[in-house]
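For clarity, chains are labelled A, B, C and D in written order, and residue numbers in each chain start from 1.
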Amino acid sequence: MPEKLKIGVYTCYCGGNISHTVKCEQVAKVMESQPDVVISRTNMSLCSDAGQSQIEQDIKELGVNRVVIGACAPSLHEQTFRGTVMRAGLNPFLYHHIGLREQDSWVHTCDCDGATCKAMHLMAAGIAKARHLQPLEPIRLEAEKQALVIGGGVAGLRAALDIARQGLRVVLIEKSPFIGGRMAQLEAVFPTGEKARDLLCDLVKKVAGHPNIKLYTQAEVTGVTGYVGNYGVRILQHSRGVSAEDAQALMTACKKEVPDEFNYGLSQRKVIYQPFEGCYPQLPAVDWENYQGEPISLNGGQPIVLEDAPQTFDVSVGAIVVATGFDPYEPRQGEYSYGELKEVVTLPQLIRHLALMKSGEALTWNGHPVRDVALIHCVGSREIEGVDEPHEDGQVNNYCSRVCCTASLHMAVELHEKFPALNIYELYQDIRTYGRGHEDYYRGALDGGVRFVRYSGEERPQVTPAPTGDTHPVLLRVKDSLTYNEELEIPVDLVVLAVGMVPRQIDDLVNMLKVSRGTDRFLLEVHPKLRPVETAVNGVILAGTAQGPMNIQESLSAASAAAAKVLTLLGRGKVELPPFVAAVDAEKCNGTGACVEACQYDGAIALQTFTENGKEIKRAVVTPANCVGCGACVAACPNRAIDVQGWTLSQYEAMVDAIGMNIVDLVEA
Amino acid sequence: MTTQQTPQSRGDMLKRLREQHAATVERTQVLLREQKRVQQEICKVIRDTPKSVPEIAAAVNMPANEVLWYVASFKKYGLLVEKGMCADYPLYQKAEEKK
Amino acid sequence: MSRVDPTLLHELKEYGAVGIEKCFNCGNCTAICPLASDEYPFPRSVIRRAQIGDKERMKSQLDPWLCYYCGDCSATCPKGAEPGETMMASRRWLTGQYDWTGLARKFYTSLAWELGSIILVGLLVVWIIAMFHGPLVTERVELNTFAPLHIVHLADWVMAGALVFFIATNVLRMYWLTMRRDGQKIPFKFYVTEAWQLVLHALTQKRWATCAADEKDEKTRNAKRTARTIHLLLVSGYGLMLVLIIFFLSWFQTDNIYPLWHPQRWLGYYATVVLLLGAGWALWGRVKKEVEMHRFSHPSDWIFPILLLVVTLTGILQHAFRYWDMPLATYYTYVVHLAFTAPMLILEVPFGKWAHLYYRPLAVYFQAVKEKAKAEQQVPEGALAAAD
Amino acid sequence: MNNLKVDALVIGGGIAGMQAALDLGDQGFQVALVEREPSIGGKMITLSKVFPTLDCCSCITTPKMSAVAHHPNITLFTYCEVQSIQESGAGYGVAVLQKPRYVDVNKCTGCRQCEYECPITVPSTFDRGLGAYRAIRVPFSTAVPQKAVLDIDNCLLCGKCEKICPVEAVDFNQQPETFSIEATAILLATGFELTQLGAKKEYGGGKLPNVIDPLMMERFLAPTGPYGRVLRPGDGMEPTTIAYVQCAGSRDQTQGIEYCSRVCCMYAIKQAMLISGALPMAEITIYYMDIRTFGKGYEQFYQNAKAMGVEFVRGKVASIREDEKHNPIVKVELTEEGRIIERTHDMVILSLGMIPTASPSTFGLLPSSDGFISLPAINASPSATQRPGIFVTGAAGGPMDIVDSIVTAGAAASEASAYIRNKTGIGVAQREVAYA
C-alpha cells in the first residue's frame, strides 16, 4: 500500500528578489488547491533558519512527505534544503527545487502578472513531478586518502604541506625539474621585504622532509579517469638525465647554452643546469627540449649521449588540487616598443637584472648608465575591448592583475634606495595598493620623489626612440590626467613594463579535468563566496594563481583553504555522489546496445551477459560512479528501458502536462 | 534560571526591579510619554489623507528626520501604510484598525 | 606638449619647499582653498607644474601670488604634502625668476649670501658715515650736524631711485612672463580700468578676508582674522614709515623735539607700535609653530622680521636717546639704525621677502585684467551665437 | 554553566567566523563559536546584495547561519563576550561572559508577541539607528538564534512582555554569568567597524542629515530595510542625485588612517548599480582618487557600472555643506580638468574606512601600526599570529572583502586543524567524525 502523498509547497520571497515581481501570495494560494498538497506557504527567506525550521516542522507535524520549493537557483540552495528535509527525517530526494528567481522574477521584471502566471505553471509542474518522486540513496564510495597536487610553486607546496600534515598522503607533481615556481624568481617580497627564496626554502624544506608527500619533478598529467574520491591519474615523468656522481662533471663539461628562462633570457644557462643556488632538488637536470642529444665529453673521454627515458605511472587519488600558477604577460612585439627597443623591459626582467648585478654597481642597461627610468602599469591588464589589440584567442585581458601596482611601487622604492640619483616615473591608471602595508609603498615612492603620471586606458602611453641628438635614447609620450590632460614628453633611459598575470598554458589539463575557465581564462570556481576554491568538478580544487591573479600572501591563503576542502572531502575516507545517474529497467531492456553507443563516458554503461531461465541475454548495466546522468542513453533507448534517477521520463511528462495547462484550469484545479 | 512564579511574586519582583533601575525607568517613562504624544499627533495628521514626511513634520512641528524615524517605526509595526507618491515623496496614511 | 624636467622639484626644495613630492594629486587642497578658481586651480596647479618640471608654466603663472597662506590646504592634506608651503616656496622661486640680477636667487638659496650681503651693506653704511660724517657735537644732540640732512636726504633719494629701478625692471619681467607669454591679447584699456585693483589690494589685501570668511571653525577663523589684521597694521606701519622718511625726512632727522600733537610724534609712534607688534608677532608665531603658515620657516622668513624688529628698536632707542639728550648714544644708535635700515631696504625690498609687498597686489591686478580681457573675448562669441 | 572543552574556539560570528567554524566542524572538530551580538551573521547579514555577483546577501548568509546553528560539531554562544585568554594545559582557557538576554532561550519560540506588546520604541542598531525596534525584540527577521532579547537600558519594566509571552520565557531575574571554554586553538574573527561618520569635520557627517554611511545605504537597499525603499533620512525623499565620497575614512593622514580599506571602491560601485536598479532615474556620481577594483571579476564590474551611466569623477572631495533644504553640496576639484565645482546632491554617502572591532590586546596580541592584529608571517603563514595556536581570519586581520574573508577562513581553519592535530596527536584516521 503506497503511502498517501502529502505535498508541502513553499514559495520564497527571496528577500524581495522574487516577490518584487511575482505575487507570491497568489501563487501560494493557487498551489494550495493542487492535488495532494497539504500545505502551501510563503516565506521572506526560506533558506534562513526560521524558514528551514518551518519546513522541518511541517514534515514532522503535518506529515508532509514531498517538498516543493520555489526559490533561487537550485545550484545555490538545493543542498541546503536537502539537509533541511533530511534533518526532519525525510529522504532528501523527496524534494524538488524550482528556480523562480533566475527563471522567472529576474527575467520578467517588467511583467508582474506574466511572471506570476509563469510561477504558477512552474510550481504546478514541480508539484506534478513531486508526485512521482521516489526515495533515492546517494552513491557512497570509499575514498582514496591521497590527494594529487599539480604544481610545485608556492601555492602547490603550501597546499601539499597542509594536506600532508593532517595525515593524508599527497602526490605533488611539478612540470619543471625544480620546485619553487615563480616565487623563486623574486628577490625581496612585499610587504615585509623578506627574501623570497628564504621563505620558499623554509617551505620546501618542510615539504621535502614530509613523510606523507611524494614529490615528482619533470612530471605531468597525461590522463585522468574516475571521480571524486577515486581519481586515477596517469603521470609521465622525464628522467633527470644525470646522477649525483656525474652531475657536476657533466654540467662542467656541457657546452651548449640556451637563454636562461629563470632570468627571463637576460643570461645564458647550460642545458644541464641548476636554476639558482639552493634550488630543490639540488641535483642538476637535463633540459631535454634543448639538449637534443648532443654528445658531451667527460674529461676528454668518450663522448656520452644522455638519454631521456620517460616513465609513466598511475596514481589513485581522492582529490586533485590544481596549482598550476601563472605566467607573466609577455608583451607583443612592438607593444610599447617591446622587442623593438632594447631599452624596453618587463618588470620581472628588471627584478632579475637587479639580482644579477653586483652590490654597489651603478645601474646600467645595455651598457649605458640609467639616469631616468619609467615604469608603465597595466601592461597586459585592464585592456579595453575595441581599444587594445585582442590576443590570439580574440579576447583582451580586461581584468586587473592585482599585484603589479604594489610590485612596481616596491620596485620604485627599491630603485630609489639603491640609486638615489635616479629619476623614476610611474605611469599608471589607478594605484591599487590595497593590501596591508601596500599603501606604504605608494607613500614611500612619493616620499622618494617618484613622479606619477596618470594615463587613461583609452590612450595608452607611446614609447618611441628619441630623435637623434636627444639626451636620452627613449621618449615617452603620454596624456597626463593629473596635468589636466596635457601631453607630456618624458625622456628616459629605460622603460619597465609592469606586466600582468596570465594563466599558464594548461589546455590539456583543463580538458582532462573537465574544469571550466572564466572569461578571463583563469580557472573558474563554483561560486566566489559559497565555494570559492572548488571547481564545478567534484574533487577538483583550485589553489593560487591558477584561479586568478594573487600575491604570495593570498596564494598561501587560497592554498590552505584548498587543503581544508580536500580534508573535508577525504577526511572520513568516504565520498557521496548524487544518485542522479542512469538506471536500467531490467524488465524492459533487451540489450540493443544503443545506450552504450550513445554514452560519452568511459565505463559508465556496458552490456553484460546474464543467464536467465537458462537463456543467455544481454542487458545494459550502469556503473553509477562513472555515470554523470547526462541522459544520452535515455534518449537512445528504443524501449524506454533507461531513466535517469530523479529525472525520469514519467516525471518529465507530468511536468510538461502541468506546464501546458491553461492557467484558468490551473487556478480552478 | 527562571522558576515558576505566582502572579503575586512576579508583581513583587517587578516592583523590586523598578526600584533597582529607578533612573532607567524614570527616563523611559518620559520617553514613552513623548513617543505616545508624537504617535497621537502624527496619527491625527494622517488619519484621513495620506501625507509626506515634510508635510507631517510641518504639521507636528518636528524636524523631518525625526518624523521619518517615527514613520519607519509605525510602518514596521503596522500603524501606518504607504499610500502612493507625491513627486519624490512617498505618502503615508494611518492603517485601518484591525479588529 | 611639455617635456618633463625632474630638476625643478629639487630646485624648489632649495627654495624651502617641503613635502611637495608627497602630493598624489587628489585635488583636496585646491577644492578646500577659498581663493582658488577654475582659472587658478592652485595649490595643485603649482604643485603639479613643479612635479613634472614645467618651468615655463611655473614662471608664467600668477597662482602663487594669489595665495595668502591661510593653511587650510596643509591642514587637510591627506598626504601631509604641505601645499601651503609649496606656494610659499614658489613665491620665493618666482621672486628669483623675476629678478634679472640673480641676487634674489642667491639670497633665497644661500644663507651665507644673504647674511653676507646684509653685513656687507651694513658695514658699508658704517664705513661711509665713519668717513664722511660731520662734527660730533657732544654738548647737546645735533644729529643734523653729525649727518647733514640734505646729504642724508639725497642718499635717501638715490636709494629710493635704485629701489624703483630694480623694482620696476623686475616688475616688468614679471609682466612679461605672466602677461605676454601665453599669447593672450590684452587690450591696454583694461590695464587702466583695472588699475584701482592694484591700489585696493595693495592697501587692504581684500582677498585675504575671504580665507577667514569661509572658515567654519571659530577658533581658526579668529586666528585667520588676527593674522590679516596684524599684517595690515604692519603694512600700514612700514608703508607710513617709508613715506615719512622719503618725503618728510626733515621731520625725523631733526634736533627738535616736536609737541605731541605734531604728526611726527603720533604718526611715528603709531608706526613704531605696529611695526613692533607685526614683526614680533611674526617671530613669535614662527617660534610657536601653532598656525599653518608658521609651521615651516625658511631663513628668509626669519631675517626680514628680525631686520624689521632691529630697525624699529634702534629707531626707538635713537628717539629715546635724543629725548634724554644723550648725543653720542644718539649718533651711534643712528649709525646702527642706518646700518640695518639700508640693507633691509636695498636687499629685502627688491630681492627678498619684502618683494611680495608689490608682487602680490600686482598679481591680483594682472588677474583682474586677464579676466576682463577674457570676458570681452567671450562676449562677442556669445552675442554672435545669440544672433544666429 | 559548565565548563566546555573544545578543539577550537572561534571568536566572532560574522561570515569569516561562521565559515571557519563550518570548515573545522566539517572536518570533525568540536568547535565553539562565541558572538557578542544576540545573533550571528555579523556585518554581512545587514548587507543588501554582494559584489561582484550581486547575489542577495541573505541568500548566502542565512544558510550559513543556519548551518552553523544546526551543525552537530558546533556549539553556538550568542550575546557573549570573551573577557580573557589564558594559556592552560595544551591550549587556552577562555573566560566568557554571557550577557543576560532576560529571555530564556530554551523556551522562547521567536513568536515576537512580546515585541508587539512592548510600548517602548528604540532606534535599531541593526538598521544603524535609522529604523526602529522595541525594547524587547527578535534582533532581525533572519536572526540566529530566532530568540528575543530585552534591552534593559531602555526597559520600562512594565512587565507586559512577561504577561503576554505564551511560553513564559521572559525572565527579569537573569544575571550576567561567566563561564570558561578550554580550547586547543583559537580563531579570531572579530571583524571590523566603520570609521566614525563625523571623523572628518569637513564632510559634516553626523551633522548633515543627508550625509550617511555606506552601511546605512545597505539597509536602505536591503528588502528588509527601515523604509522598505531608498529614501534619504533627512526628510523621506526619494533621492535622484546621489554621490559617493571615496576614501572618506581611509588613505588620509589627517584622520590617522593611511591604509586603504580595500572594499570601499567595490561597495560604492555595487550600491550605485543597485540604486540604478531601484531608482532608474537616479544620477549617481562617485568621487574617487583611485578606483581599486582589483579582485576577480571586479574590473569588469567597474566597467559595467561606467557603461550603465554611473559617473566617476577623479578628485578628493574637500568639503560638504548643505543648502537650506538640507541638500548636501560637495566641493571638489575635477583633477582631470583643473576645475573646481560645487555640486548639489540629494544625498551623499561617505565611503568610510575599516578599523578593527576588537583591540588585539584583548587577546594578548600586539597590534600592527595600522591597529589590526599583526601578522608576523604574512608571506609564510598568513593567518598565524604572535601566539601559537591563535589564528586570525577575515577583517580582524586587515580590511578585506567577503570573498577574501571566506578564503582566509578556510586558510585559518586549515592552519588550526593542523595545529590541533599536532597538539593532541590525533590523526585524521583516528578521529571519530560526526557529520551533519
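The definition used in the following text is that a residue touches a chain if its C-beta (ideal position, glycine included) is under 8 Å from a C-beta of that chain, and two chains touch if they have at least 3 such contacts.
Model, not experiment: these values are computed from the prediction.
Among the pairs C-D and A-C, the greater number of C-beta contacts is found at C-D. With each centre defined as the average position of its C-alpha atoms, the distance from chain C to chain D rounds to 56 Å. Here the spacing of chain A and chain B, counted between their Cα centres, is 53 Å.
Averaged C-alpha coordinates give centres for chain A and chain C that are 67 Å from one another. Annotation: 65 Å between the Cα-based centres of chain B and chain C. Among all residues of chain D, those that touch two or more other chains are 251, 314, 335, 338. Contact with two or more other chains is made by residues 431, 443, 482 of chain A. Along chain C, residues 24-25, 79 each make contact with two or more other chains. Across the assembly, chains come into contact as A-C, A-D, B-D, C-D.
The touching residues of chain D, counted against chain B in their complex, run 104, 107, 116, 119-121, 123, 130-133, 135, 152-159, 162, 168-169, 171-173, 209, 226-229, 231, 233-240, 326.
Interface of chain B with chain D (complex): residues 1-2, 4, 10-11, 13-14, 17-18, 21, 24-25, 28-29, 31-32, 35, 52-54, 57, 64-65, 67-73, 75-77, 82, 85, 88-90.
Against chain C, in their complex, chain D makes its touches with residues 201-202, 247, 251-254, 289, 314-319, 331-335, 338-340. Partner chain D is touched in their complex by these residues of chain C: 24-32, 36-38, 41, 44-45, 75-80, 216-217.
Residues 372, 423, 425, 431, 442-443, 446-449, 451-454, 477, 480, 482-483, 486-491 of chain A are the ones touching chain C in the complex.
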